[in-house]
C-alpha cells in the first residue's frame, strides 16, 4: 500500500500547479461545424488553396506559442528561424488537414483558452464560407441562404462570436500595448497580414466569377498573388492590415456581416500579438488583457463604428497598402494573330515563314502593319516587332473569326523575336 | 481429364487472336528513371504543379484510347464529355502520383507499344528536369551538370529517344493525315496545347528566378496562367503548338537539346492524334503510320532544321499564338503609399482619416497631389482618386524608407474609394 | 462446450473486448481502446456524432487462443463538454478446436469534462458506464463502472491519468473461481480497480500522435494478483472526417504474457441544425 | 517436439510462406503473393531495385494453428524484361502449446518476359526458381520450379494465367506420408503442379488495382486430392516509390478450409548510373 501511495504521488506530481500562478477554472466548450452538403467542398475543389489555410493555422499558433513561452528570445527566432521554416517548409508543403492548434500552442492555449476558441470558431466560419461559395451546385440564392445559415449558427455561440458591428482601428492600434509586434517583428507581422489578405481575398474570385472555369482560374490567380508577396519581405508584404471591404469589395457588399466579423477577427489577432510581444504588459497581466480585448471584440458597444464609416476607413487606409485587390490584376491572355490551328509554312533552311497552308493571319490590318481594331489590347512588344505574318494570306481564304480582345493585356511581354533572325 | 481440358480451353479462349489482325511481336522494354538525390524534388516542393502533370498523363492517354476504340463516336464524346471530365474533375482534383498510362489506354498501348514507350521515356526526362531545376541544393553549375547527365541517360535508349535535331513543322502539319485532330476536336486540341504550354513553360520560372521565394512565386504564377487558358475555350487556348524557345526562351537558351526533344515530343503527340483521328488512314494502317512517324522523330535525318532555323520558326509562329510567355506577365504588387505598419487615425463617426499616430505617408509628393517619382508605376485609379493621405503627417516624423517602385503595376486596379464618402 | 468452458470464453471475450467507448474523431483526443486503455479527459465536440467504422482487435491469450473483435460504436456530443456513447462489441473466439462468435453485451456510457485545461489546472473528467446483458457472449447481469480522468499538457507531451472502479452483481462471477486462465489485453470493466498513466507526443504538422502507457489492474477473478500492462499506440488524422488508429500491448506479469493489436477508423458528422 | 511434428511444422511453414517472389513496386504489376498467388507476366523495370519492406502474412490452418510470416525480398531488373530476385522468409508458427520461429529457406528466382502485349499477342513470361536449404524451418534439400505466365488485357480488365510444376529431391518428403493436416494458403512451390487464373480491374486515377483469382494445385503430399483455392486482393500506389498491397484467400476443398490475410509495402530505387 505504501508503494501504491508513492506511485500515486509520483503520478500526480506534474499536476501540482506552480505556486506563483493563481488557479484558473475555464469551461469554454468546443462545438462541431455546421453539418451541410457543402462541407469540405472547398477542400475538394481547391486543394492547393485549402492546404495553405492549414499552413496558416500553424503560423498563427507557433507565433503565439513562441511569444508566450520564449519572451526573452532574440527577434531572429521569429524573424528568421520560424519565418524561414514557415515560408520554405510549411507553406511549400502545407498540411493535408486542418491542424490541431492546441498541439502547436499548448501553453498559449492554457493561457487563454477562451480567446483561442474564439479564433477557432471564427476560423470554422471562414472555412465553411469557402465551402458555400465554392459549391457549384448552389445558385446565387442558395449561396445567400447558406451564408445566412452559417452566420446564424455562428451566432449560437455568443461566448465565442465576434461582434458584427465594425470596430474602430483604435481598438487595435491605439491601446497602451499596441504596435509592439509590428515594430519588433516586421517580417512575421507582414506574413500574418499576407495570410489575412488571402483569407479574405480568396472570397472575391469565388464571388465575382461567372462560371466554374472562371472560379477555378480566379482562385489560382489570387493564390499566385499571395506567393508574390513572399518574394521580397517585408517590402512586398501589406503595409496595413488588409481590410475586407478593400481587398474583397464584392464579397463585402454581398455579405457585410461576415466581412465585419473577419475584420474584427483579424484585428484581434494583431491585438493578441501586441499583448504577448509587449514587455510593458507583465506576464501576470497578459491573460487579463487578452480576455478584456476579447470581450470588447465580442460586444456590440466598445469602439464601434457604422458600416459606412468602416467602408470609408477601409478606403482611406488604401488598397495599395494592403497588398492590392484580390482579383483583376492578372492581364488577359495575348490576342492571337492567326486563326485557330492555322498552319504556317516555313523555309526549312532559315525557319522563316513563307505563307499559310491552312488558316490565315487575323485582321487585315496585319498586312500593312497598321494597328487592328484591338491594337490597344496587344502586348506592347508586338507593335515594335516586325510582324512575320504581314503580307501572307492563306491560299483559300476562310471566314475570319475576330478574336475577342483580351480585357487586360500585359503591360509588357518579352519579345521572343528579339535576337532571332527575322 | 476431359473436364481439365475443357477448363483449359475456356481459360485460353480470350488469348486467341481475332483472325483479321496480323500477329505482332513487340519486345520494347521499360527502364527505371535515373536514380539521383534530386528524384521527386519537384513533387515535394511544387505539389500542385506536379499533380497537374499527373492529370495531363490521363488526358493524353484517354485521348488516344478514345480515338482508337471509339472511331465512330460523335465529336461530342471528346469535345464535351471527356473534356468536361478532364477540366472539371481530373485537373481540379489531380491524381496524387504519376499514372499508369497502360491502364488508361490499354488498347492504344497494344496498338503501338513502341510509340507509347517513347512518350513515357520522354515524360520521364520532363519530370526529372523539373526535379533538377527545382532542387535548391544545386547551384547553377550543378544543375547544368545534372541536366547533362539526364540527357546522357535519355540517350542510352536510342530505340526510344527523340532526336535532338529540330524537326520541321512539315513533319507534323503537312502529312497526308495532318490537321484531322485540330479540325474535328478544336477544344481538346487546344487543351493538349495548353498542357504542352505548361509542360515547357514551367521550366522558365524555375530557370529565371534568382531565389527560392521567387521560384515558388513564379511557378504559382505560371500555373495560374494555365488555368486562365481554360476559362473560355477554345478562344483562350493557344492557337499554335507552343514552341519551347518561344514560351521558355531562357530555358531553351540554356538547355537547347532538351528544348528540341520536347518540341519533337509534342509534335509527335499531335501527329499520333492526327493519324488516329483521320479516317483516311485505314485502321489496318494506323500502327504502321505511327511507327513510321516515330522512326522519323527518332532519326537525325528526316525533316531536320538547323537550331537557328528552329529559333526563327518559333519566333515567326508568334508567342501570342502560343498562349504567351510563361513568366513576367503578372504585374508587380502596388507600391504602398504609407510607411510599413503606419497607424492612421480616423474619425470614428465617418471613418475619414484624420492623421497618422505612427509612420507617415510616403513621398512628399502626396502632400500636394503631385505625382511622386514612381507615379507611372501607380495603379491608374490612384491618380483620379482624392488622396486621403494628402496633408497629413506623422506627429513625430520617422525616417522614411523609400519603397522600391514595383516593376510592373496592374494596368488598372479597382478603386475602393469610389462610392465611399471621402 | 461445457458450461464452465462457456462461462470462461464468455468472460474472456467480455474482459478482452468491452471498454468504455469514448470515441473521438480528432486524432488529438485519445479514447479508451483507441489506441490505449488510458484515455484523455476530453469528449467529442458538442453536436458531433462519431461512428467507429472498423474497430478491429486481435488478441492472443494463453493456449494459443486468438480472439477477434469488431466493436461498432457511436458517440454523441449532446451537451457542452459531455458525450454519451453506445457500443455493440462483436467477438469471435478461436480456441483452435472450438470457435464461438456473437455479441458480447451492450456498452453505454456518459463522460463529462469538468473544465478546460489552463496553466494551473489540468483538465478533469468523470465517466459512468454500464455493460448490459445482450448476445451469446454478453454478461448475465449489468455491470457498472466509475472513472476519473485527468490530462495535463506540457510543451512537448501530454500526461493522462485514469482511475476506475467497477460495481454490480456481475462481480459474483468471481465466486465461480478462476477461469481457465488469465485474460489478456485491454481489460477494464471487470477489474475491481484500474489505475494508470499514458504519455503522448504530437506531431502537429502531420496530425499524428504517438503514445505509451502503463497501468495496473486488479482482476475480479478471485486469486488473481495485481496485473501490470504496457501498451503503445498511434492516431492519425487521415482526412478531416476520418481518424485512423493502431495499437499494441502486452501483459508484464502473470503466467501468460499475452498480447493484442488493434486497428480502427472513426468517421464523424455533425447533427442536423436549423435556425429557429 | 517429435520428429514427425517438427517435419510437419517445417513443411507447413514452407508451403505456406515461400513463393517465387516477383515483387514489383508498380501497383499495376502484380506479383506472386502480392497480393494473389497468380501473377502477371511483367518483371520490374530494367535498372530498378525493389525492396519488399514489410510483407506480412497471417494464416490460419487446421486446429487453430496461426502462422505469422515476414518475407523480406529484393528484386532487380538486371536485363531488358528480366529480373532476378532473392527472398528470405521468416516464419513464426503458433500451435498454441508450441511455437516455432526462424528462417524458412532462401528463395531465388529469375523471370524473363518474352514479349510486350500487342493487339494480337498476349504477354508471355517464363520463370525458374529454387528454394534453398537455410534456417530451422527451411527445407532439407533444394527444390526447383518452372512456371509459365500469360497476361491479356481487355478494355476493362486483365486476365492472367499461370501454370507451374515443381521438381527436386525435396519431393521425397511425400514418402513420409501425409503430414498432420492439409496446409492452408498460398502454397505454390511444393505442389506437383499448380494452374490458375486471375482477373484484375484497375482504377487508374486512383492508382488502385483489385483482383480475384482461382487456382488448383496438386499437393506433393501423397494421398491429397487436388485442392481448389480462391483469393482476392488489392494493390495501391501510395507514393511514386511506395506500393501497398493487401489480400485474403481461402481453400474451397478439403477438410480444413483455412484462410490467410496478407499486407505488404514495397519500395523501389534505381541502380546508380554514370555516363561513360
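All chains are identified by letter, namely A, B, C and D, in their written order; residue positions are counted from 1 within each chain.
Convention: a contact is a pair of C-beta atoms (placed from the backbone, for glycine too) under 8 Å apart; a residue touches a chain by one contact, two chains touch by 3 or more.
This structure is a prediction, so every number in the text was calculated from the model and none was measured.
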item	value
Chains touching both subunit A and subunit C	none
Relative to subunit C, chain with the most remote C-alpha centre	B
Subunit B and subunit C: spacing of chain centres that average the CA atoms, whole Å	52
Distance between the centres, which are taken as Cα means, of subunit B and subunit A, whole angstrom	25
Separation of subunit B from subunit D, taking each centre as the mean of its C-alpha atoms, in whole Å	43
Residue list for subunit A, restricted to those that touch at least two other chains	none
Where subunit D touches two or more other chains at once, by residue number	none
Chain-level touch network, classified as line, ring, star, complete or other	ring
Touch relationships between chains, expressed as pairs	A-B, A-C, B-D, C-D
Subunit C - residues contacting subunit D, complex	60, 63-66, 94-97
List of subunit B residues in touch with subunit D within their complex	8, 11-12, 14-15, 17-18, 21-35, 40, 43, 58, 69, 90, 95-100, 102-104, 106-107, 109-111, 113, 149, 152-153
Subunit B-touching residues of subunit A, taken from the complex the two chains share	44-48, 87-88, 92-93, 168-170, 173-174, 178-179, 182-183, 186, 189-190, 211-214, 216-217, 220-221, 223-225, 227-236, 238-240, 245-246, 249, 303, 305-306, 308-321, 323-325, 328-331, 333-353, 357-358, 378-379, 382, 388-389, 403-404, 408-414, 416-417, 420-422
Subunit C - residues contacting subunit A, complex	26-28, 45-48, 77, 80-81, 114-122, 150, 152-155, 158-159, 161, 195, 197, 202, 204-207, 237-241, 268-275
